[in-house]
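So that you can tell them apart, the chains are marked A, B and C in the order they are listed, and the count of residues begins at 1 in each.
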Amino acid sequence: MPSLTLADLQAHLGGTIRGNADIPLHGAASLEQAGAGQLGYLLNRKFIEQARASSASALIVPASLESSLSDTLPQSCLAVDNPHAGFARALALLYPESLPLPGIHPAAAVAADCVIDATAHVGPGCVVEKGARIGARSVIGPNCVIGAGVQLGEDCRLHAQVTVQQGCVIGKRVVLHPGCVIGSDGFGLAWEGGKNGGNWLKVPQVGRAILGDDVEVGANTSIDRGALDDTVIEDGVKLDNLIQIAHNCRIGRHTAIAACVGIAGSTRIGAYCQIGGAAMIIGHLEIADRVTISAGTFVAKDIKEAGTYTSVQPLMRHADWLRNASHLRHLDDLARRIKSLEKQLEQS
Amino acid sequence: MPSLTLADLQAHLGGTIRGNADIPLHGAASLEQAGAGQLGYLLNRKFIEQARASSASALIVPASLESSLSDTLPQSCLAVDNPHAGFARALALLYPESLPLPGIHPAAAVAADCVIDATAHVGPGCVVEKGARIGARSVIGPNCVIGAGVQLGEDCRLHAQVTVQQGCVIGKRVVLHPGCVIGSDGFGLAWEGGKNGGNWLKVPQVGRAILGDDVEVGANTSIDRGALDDTVIEDGVKLDNLIQIAHNCRIGRHTAIAACVGIAGSTRIGAYCQIGGAAMIIGHLEIADRVTISAGTFVAKDIKEAGTYTSVQPLMRHADWLRNASHLRHLDDLARRIKSLEKQLEQS
Amino acid sequence: MPSLTLADLQAHLGGTIRGNADIPLHGAASLEQAGAGQLGYLLNRKFIEQARASSASALIVPASLESSLSDTLPQSCLAVDNPHAGFARALALLYPESLPLPGIHPAAAVAADCVIDATAHVGPGCVVEKGARIGARSVIGPNCVIGAGVQLGEDCRLHAQVTVQQGCVIGKRVVLHPGCVIGSDGFGLAWEGGKNGGNWLKVPQVGRAILGDDVEVGANTSIDRGALDDTVIEDGVKLDNLIQIAHNCRIGRHTAIAACVGIAGSTRIGAYCQIGGAAMIIGHLEIADRVTISAGTFVAKDIKEAGTYTSVQPLMRHADWLRNASHLRHLDDLARRIKSLEKQLEQS
């Protein structure tokens, strides 16, 4: 871990320093756990008491609060417009990623006609199939499989055990976490009836999965290739772990999707959306730009306007749930009885 | 990509041609995206306008619509009874899978006593443990792990990074997608109370996972081995991505299960069922044949009759949800008050 | 499979034998499927008829029922206080796990400065990065990736294709099933607005994932590393398949979590909890000790008291659901109309 001063951080982040610009920093931690030599950050006014009590040596704070903070906080501070982003950049400086050296590990199996940039790294146990291209400074972690004809851009970071299936196209600065699968076959089945009841016939999935620049894909997430046309993940999309993106989906730029979400085939999600964990979205829908979907929500129809949408059951003690939930089977009857009461009262 | 004529397709699919039987086809696409030299398909009457506007050179169409289509569509057409299945077969001809050559890659680690058919392929990075058997023409993709004593039938296709645990049995023509795990331990725990609160004791999982013929398993799906008896996936079952099948489940033949579904232990699903994405089914249930379960549905009791079953909350704007959902905690009270009002009115 | 007598089992499990102590046993099965030479078990009184009809040669039975069973069951019996745990121990004796020999497989890529105990096994295709430590008698299955600086305790069992990311710490007797990922990056993003709408900036995830002793993690489950502080899985926690544990969660000791559960960031789950399959828990919550959460339940608020909690929709035939669910959008209106009726009747 390098040791940097608050002034070093300022050189990269901008902002203004209050206190000791030369204070040495060798790491970062949460306000509660930070100690001497560690950097913390104050996201907003809500955390001022925690910040005051923190043993962090320095803090990144919001420029908007700077004047009111000068007498409040004992730490040296770097005030920036966006403290969350500033802290992210400070972390990248304090904890530089240790990247492996360029080159192909001798325990990788790389087809003869691949085009692997001399500055790229291919780790041990990797398999790179025929015709694949890997861009400058990209790092392929251990035991990844890069299918035939895959195109991978510059500065990508594939962690361990990633699979990219044949023909997929991946942009620049894409991060793929362990176990994720890009370009698996979509769930395309044609029913063939028959004397014995019939069976499912596999529909070959001949589209690709296309990932734009700056996409991040979480651990064990799967993104299916298109059935005919392509599945498209636009620039800047961030996907958490254990997400399913089915064939022919399109996810608009800078949309962020939390873990355990499933999106069925051919659904199009707009740009700048935020989809909460475990939300489930059926197929062939259109979701507008700037839509927020609450965690756990089930979406079965188009959403045409920006806004926040929800469909979850509130939590109850089990005994209360038993008493209440049975009525869900009779809501129509309850509504009818209310209407009938209203009529009777009107007539009386 | 081979170039085929419509007549070539007819030779494999049957059906009747209207228009130019010799039109050369070098690929396929959706009606919207197809261009010259590409094949499209018309699923049913609903898409006739799209078909008419399509630049596809030829279409597969339903025989039932043929007479009414002859003047409507500008493309050469192959009319077949089941256009979805016909199109699937045409895709398989237009995009033949490029299979690797038979043989064991030098970068695979294969135990001495395995029986691997001479026509099978074992890819780089594969580990095949002692006593495993791999049938004729099966292809084991890169970095797969085949456990001790596994039996794998003919013409199977294992994509990259698949794990099949010890002793499991897999039929013919089975397709396993990247990252799926067959035969992982079930979640078997025995509670042992003690002075300090107790702990869970692992129950060894000594059953197997048995997959029939023509089964397909999606990316990152897990199928647990049986606790004592076996977990059984019958012939023709199709499983999408990120599905969990717990120990001792039995899934009936030709049932199709969409992504993100979880099925808890010892549940038996009938034949010809369709289970929508993200449905969750608790353990020790019996689901009859030909049951359809809607996406997102939670199943906590047996389903004894064919039909469609659902249990999802409708989507609302978050503000509407806030206003409405709180009443779910008081449905019993609302129902009681309606009954009381009815009594009062009756007596008045 | 070894052959043991009921007396052999008694030597390990304690308890008292009724019938033939020398009966040879070569395996175990469920009451329905057991045959000669096989051991079954009787969990409680409910299964007595099944036990009586079983062809098992011997049974493990509850000591509490022993007196009432003596004339009822035809099999030789070993009566123990906790038959489920006793049966688990018997299975471990009847089906001893066949562990590979100590040593590093020649097809593993192990960094020079790793400290791997001489009694540990590292399988083919494994990659162990610089500075990692692997404890005595631990077994690393095929194609695992152990990141730089990982510390892995004694007697661990990593199945195939497991990934443990850099710096994570894993206790003793930990079992990791195929495809699980320990220490993947959390979903940490800072929004940076801009002229063109802005973009997400990755927040480096510099905490670790710490797993205590006797933890078990299911297939394709992911446990994220901490953002700043660590993600902590305490001793004895059991996680099933396809679970997501987000950054900075803490799961209390001996809590068991069934498959397909998602727990969002910074949530703390108490000790001795049981979380049903597909439950979803949002971030920054506190769940008390000894809480049971029903399968399929969505948790969006703290749970401060032990007990069972639920929030699921009951299953309906789809036609019934269509009729009833629409009223969920108007519950507030229904409640208001009931109140209005009550007022009118009061005044009349």
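Everything below uses one rule, namely that a residue touches a chain if its C-beta (ideal position, glycine included) is under 8 Å from a C-beta of that chain, and two chains touch if they have at least 3 such contacts.
Since the structure is predicted, the reported quantities are computational estimates derived from the model, not experimental observations.
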item	value
Superposition of chain A upon chain B: rotation angle, C-alpha, nearest 5 degrees	120
Same-residue or different-residue interface between chain B and chain C, half as cut-off	different
Centre distance in Å when chain B and chain C are each reduced to the mean of their C-alpha atoms	25
For chain C, residues that touch 2 or more chains besides their own	107, 125, 143, 161, 179, 220, 242, 260, 312-314, 316, 325, 328, 330, 334, 338, 341, 345, 348
Residues on chain A engaged by chain B in the complex (per definition of touch)	107, 109, 125, 127, 129, 143, 145, 147-148, 161, 163, 165, 179, 181, 184-185, 187-193, 197-204, 206, 220, 222, 224, 228-229, 242, 244, 246, 260, 262, 264, 280, 282, 292, 294, 297-301, 303, 307-314, 316, 320, 323-325, 327-328, 330-331, 334, 337-338, 341, 344-345, 348
Chain B to chain A touching residues, read off their complex	27-30, 32-33, 82, 84-85, 87-89, 91-92, 94-95, 97-98, 105, 107, 123-125, 141-143, 159-161, 175, 177-179, 214, 216, 218-220, 236, 238, 240-242, 254, 256, 258-260, 271-272, 276-278, 295-296, 312-318, 321-322, 325-326, 328-332, 334-335, 338, 341-342, 345, 348
